[in-house]
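You will see subunit A twice below: alongside subunit B first, and alongside subunit C after that.
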Partner chain A sequence: MTPKSAPPRAAAREAAFPPDVADIPPVLDEVELVQLLTPEGERVPHPVYDRYLADVDDETLRSLYRDLVLVRRVDVEATALQRQGELGIWASLLGQEAAQVGSGRALLPQDYAFPTYREHGVAWCRGVDPLALLGLFRGATNGGWDPREHGFHLYTIVIGSQTLHATGYAMGIAMDGAVGDADGAATIAYFGDGASSQGDVNEAFVWAAVYNAPVVFFCQNNQWAISEPLERQTRIPLYQRARGFGFPGVRVDGNDVLATLAVTRKALTDARTGQGPTLVEAFTYRMGAHTTSDDPTRYRLSSDLEAWKLKDPIERVKAHLARGGHADAEFFASVDADADVLAARVRTGCLEMPDPGPLEIFEAVYADPTVQISQQRQGFSTYLDGFAEESA
Partner chain B sequence: MELREFKLPDLGEGLTEGEILGWLVAEGDTITLNQPIVEVETAKAAVEVPSPYAGRVVKLHHDAGSTVDVGSPIITVDTAPGDAPGDGMVPDADAPPVPSPSPADLVPTLPDTQEVGAGLIGGAAPGGRTAVLVGYGPRTTTAVRRARKQSAPAAPEAPAVARGKALAKPPVRKLARDLGIDLTSIAGSGEGGTVTRADVQAARTPAAQGVPRSGDVRVPIRGVRKLTAQNMVASAFTAPHVTEFLTCDVTATSELVGRLRTLPEFADVKVTPLLLVAKALLVACRRHPELNASWDEAAQEIVLHGAVNLGIAAATPRGLLVPNVKDAGSLGLPGLAAALTALTQTAREGRTAPADMAGGTITITNVGVFGVDTGTPILNPGEAAILCVGVIRPTPWVVDGQIVVRDVTTLGLSFDHRLVDGQLGSQFLADIGAMLSDPARLLAWS
Partner chain C sequence: MTTMTLGKALNESLRSAMEADPKVVVMGEDVGRLGGVFRITDGLQKDFGEARVIDTPLSESGIIGTAIGLAMRGYRPVCEIQFDGFVYPGFDQIVSQLAKMHYRSAGRLLMPITIRIPFGGGIGAVEHHSESPEAYFAHTAGLKVVACSNPADGFHMLRQAIASDDPVVFFEPKRRYWEKADVDTDAVAGPLHEARVLRPGTDATLLAYGPMVKVALEAATAAEADGRSLEVVDLRSLAPIDWPTVFASVRRTGRCVVVHEAARSHGVGAELAATITEECFYALEAPVLRVTGFDTPYPPSRLEEAYLPDLDRVLDTVDRVLEI
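Coming up: the complex of A and B.
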């Protein structure tokens, strides 16, 4: 740094003693949050997004509620199975059900989703059997489902890289000409507040913006990147970052399944019709641990948790259904019963899941088998046969 | 009767052991599938473990406080109680050991048909209840930790050593004295328990390292003790400590405490001299913010904290803990009193959450509760100062040339000389003393 550009004394002092994050003056705009269903279950009108819910009748509302409950129940059962030594690890979605079901239900069959490792609710909406997810966490498979069959990519453990995959895939859709019509297709990339700091994510934003790719960046801001709070990722609301890259950003109440459904539908519709990418920030909270290997009591206050409990994504739908007369006690009981049956099926299926055969690792290395792989497979097979003779 | 053992699973990724913090069920209890049974702390997390079986608890294999290897059985559950004669009796802990089941045995028996089996969801459970999962299912890991039960160290198995005056002949006594051996620590083998020359020689034999001397008890270093040791060593050998003392007349403070106790604002909280010491410290921090600071070696910066997170050293069943009151400076006196009451209450019950202990910026240690005058406290790591409060005693004191009886205490302040100089530290301590001697200053400087 040349002396000319050296900061004045006051700035140097400021650098040595940075102000508290809370002291930072308000940014660009007022923070706007799209909410259509209050935590108390009251439906509030919205000038832009109401039209995206025109087809949501009582039946749809009840099915959304059912999805939320079933998804949570599977998650709770999987957490228990990990504690009992049946899964190596589990990443709980507790608290994020509405963000996932709302956005998952906004997808059309021709769309393609790129998840992280926590999108169990989106997987559910895309028709992936929960047992297939558990297979991955049990170590019984390296994948678990056919991504093309479900329009739902394999879980991605590397933080944020799937945003590039989604952008590349979306650019492919555009190059195929499958965009711009009513039946156009789009991709959606899931990631978290922690991933927003990754280079990959920012690169994906640039590519998506300049190529006008039909991709929706769906950020579930659950406030925590393992033990790092949101203040360590950004000094402005995450959705406002989109402006710098040149596409719209919107913050939606991620615990509001209706708002999430509407906002994601608009973003996907825009993408499919050639309007380019949108960043959706679903503002939510990770109610559980990062994964079963994590202990959040070591780094966060229980008072925060208590405050978010009042914003539970399922309770508000239940309140709305019950108070509006859209569902009766019998319905709620039947959903709970369905959830228990599903949980029992998941448990049984997990415990009975066969271990993978040792030769399976050769099957999915290349689309077409190569000579080398075939030779390795043959050699390993012969080696395994040797044990069979010994034990015979 | 169908016995199932549950082995401690790897609760994190690649862990080899866990410590049993506490059992949530007892032998003889009837439990449901996924009912939390035990709290286990690993290197990564303290978690509640749900039961993979429904049935009756036959045996808990380890006591709270013990460290258990992953893969070793922790609980045996009878998944079909009532099937065998004699069932219903309290299980015999001395019963022959249950054969270790093969890994496949860990899988709960599942019915071949679609019919829901006993103990499974919707099926019959012991005690005539139906095993249902209430609401959305079993509890997930909560953000609450239970009090850790401290197990008393095992009584030494060595023969009881007679205390008091030991029996020995004078030459043996001299030998023991020359060798620096305490005769009372030796179990005598002579007639009537007399300590012989051979006993003294045997006691002298240099004990191989790790071999306990008679009567020694070896307590494993772990948990809070281990953490305390690490923190104290890190603090003592990183921050150059200076400790200063001030003895002052706090009669006015004692009177003020008595007056505050009668006010309705303080009806529900404890008002103690410590409350006013804390308030004085907070006011002094405002006057001298450099004391509410940290030395950041890595960044080569001194961090002046915006808020005072006031730590209170507390002797608890778990050991020494220093929970802190967040942003104590923002609290009014009743609020501060309530916060201190809650904090000590929580600590005493052993329910202090880790978050309550994180982020402290300055600490008070109240050794006065033990009747001690003062001490040279060691800084809570990362903090610049710690105030030690001694006992308040009626003491002869000179007032206007006359000796009168006054309430007097000694304050001790240790500070980190890297960032606090003697002058600053002295002013800080003198200010606190002045406010306690004359609470009007507390008001004037607030």
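Coming up: the complex of A and C.
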């Protein structure tokens, strides 16, 4: 068969790929964003979500501010420690403090969070010592806290895998009959815009939907998957994907700690009372690099960063507290002092963190250890002892 | 003592495990109303309900990934992967998550998950339905890997795998599902990760597992007619391997042939040959030889008789190992 017309010139074919999806008209609804605190710190009423903040008094507001400041301070300290060679790598949460503290503070003790490797703010809310997080990035452990004690799973590095764990755990909650009222339990699965392209995340959506599992899918859309912009992952707002799977999706201002708290509380309440999953898209911005190994100046404009700095998640709470007379200068000074004390403790703890002994390689491979590993451990131990004798 | 097929023995094993422990749940594609494509879960959903025999979405990564979450919640999931060649969509969850969770958590989290996989060829199936992927899993730290070869082992080994606090990949020789033997369900079973000498002999050791155990036993019977005494060892466990039983047999006979359906290179046979050579060097009269599938994809089923190790290929290799 001969072509009816000449094939297009190679240059034309190249130009057609990859397409600029920004030129393609959107096919779905107007995008809605839940915001309860403007970047200027003004509290905006909301017909649905205000009721989820009924208990948020001045003291709660101040404690939210305190959490935001402390987790940012830990993050800054950890970045500095990496620069000084004390951590192998660090994944900064800079800019995502409100998304993490707002959602983390929405959790109840019986809930279980399944983080990525960037949820330092959620870890803080779940009572995990920041030093335990640093142990992972220092290379001293693969996860130095007890997930069951905190209802906070180990960090998951492979993108999106934990969404299925959260869904399975939520299925177990339902199988245990621990859903149906306000005392029910729920899980929350953290992931990012990049992970939304993973098969596991989409499979988790399917499973959660068909089993009506009490899980909240909490996507921090920080606009960047390392160097790839959101447009490389999706053509529609991520929260709108939920509809195709059969459950609600909502986009919240991820730099607004009050909105994130309220939206996550509603999603968790729905889950624990038996109404199934929700996809929350926390619209935010990764103000730092992907990790300390990354160089965002190679792929994004500094003007974007400057624009997002005006929406800083901490500044708006501070403005709100100050303007409304909910906190005074003494309070802000005390939070800064607490942050300095915490940072000093994190720094000292990191520097003093002992390296594990070489034989710890062989620990906890199996619940019921194998002879092979015991023999390898013994052989390696004898080998190491040889050096000790030589140097003695 | 009851006579039953391997398929029925596995079914009875699941049933007794579910009766003994309410936390045991069966999950997989078509395991419920249909009873699985091989009917291994036949009748279980009817008796234990949809919450304990879970028909899942068609999603292998989802099966393993949610089983991990269920295990964290205190359940003891038994996952069915419908066919060997369908396990790969779940491979990442098995290798990166399931296998490493106990280690990553410094022993705090247990992963008592059994993954049942019908494996191997010989049933005239289309592609992706006849594979032997055991080496991938045996090579992965954190997993335990076993293969049953007969109904009694099917019953007892599956019970033990489900009772294990470590994740176990449980390979079932699908072409043997319909073969019958006596099963004493009340018997006290030996350790799960123990190899068994099924037939004693003096001239050479045949090491086999899963579907090839029967072939090895038939080869030993045929060789006897030629005056050759072959010892047959059913490995049963591929990770860990029961080395003392293997070494003792090889030291008795001085010669060894490994038989498996999986491709030769980098396979279980390679590990056996290397370690036997290392540990039994002065007892060996000949190099360890292998009878295996070829280093090709599994062929169209009209060619599988040529691909699969059979009686003649085993005897041919036995001739060679005895002539060295």
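As a working rule, the second predicted complex is superposed on the first by the 359 of 392 C-alpha atoms of A that agree within 3 Å, B and C clash if a C-alpha of one lies under 4 Å from a C-alpha of the other, contacts with A are read in each partner's own complex, and residues count from 1 in each chain.
What we mean here is this: a residue touches a chain if its C-beta (ideal position, glycine included) is under 8 Å from a C-beta of that chain, and two chains touch if they have at least 3 such contacts.
Worth saying up front: this structure is predicted, and the values here are computed from it rather than measured.
Enquirer: Clash or fit: subunit B against subunit C, after overlaying the two structures on subunit A?
Expert: Because the two structures are overlaid on the shared chain, the partners are seen to fit without clashing.
Enquirer: In the overlay, answer first, second, both or neither for which of subunit B and subunit C A:D294 touches.
Expert: first
Enquirer: Have a look at where A:D200 lands relative to subunit B and subunit C in the superposition and call it first, second, both or neither.
Expert: second
Enquirer: Where does A:V346 make contact in the superposed view: on subunit B (first), on subunit C (second), on both, or on neither?
Expert: So A:V346 meets neither subunit B nor subunit C here.
Enquirer: Would you sort A:A99 into first (subunit B), second (subunit C), both or neither based on which partner it touches?
Expert: Neither partner.
Enquirer: Between subunit B and subunit C, what is the shortest CA distance in the superposition, whole Å?
Expert: Closest C-alpha pair between subunit B and subunit C: 21 Å.
Enquirer: Which subunit A residues qualify as touching subunit C in the complex?
Expert: Answer in residue numbers: 112, 141-144, 146-148, 153-154, 156, 158, 161, 163-173, 175-176, 187, 199-200, 203-204, 206-207, 210, 363-368, 370-372.
Enquirer: Taking the touch rule as given, give the residues of subunit A at its contact with subunit B in the complex, in rising order.
Expert: Interface residues on subunit A, with respect to subunit B: 16-17, 20, 69, 72-73, 76-77, 79-80, 82-86, 88-89, 92, 94, 288-289, 292-302, 305, 336, 339-341, 343-344, 348, 351-352.
Enquirer: Could you pull out which subunit C residues touch subunit A in their complex?
Expert: Contact set of subunit C toward subunit A: 25, 51, 56-57, 59, 61-62, 64-75, 89, 92-93, 96-97, 100-110, 141-142, 144, 164-166, 193, 239-241, 243.
Enquirer: Touching subunit A in the complex: which residues of subunit B?
Expert: Residues 6-7, 9-13, 34, 44-52, 106-108, 110, 116, 120-122, 132-133, 135-138, 140-141, 143-145, 301, 303-304, 306, 353-355, 358 of subunit B touch subunit A in their complex.
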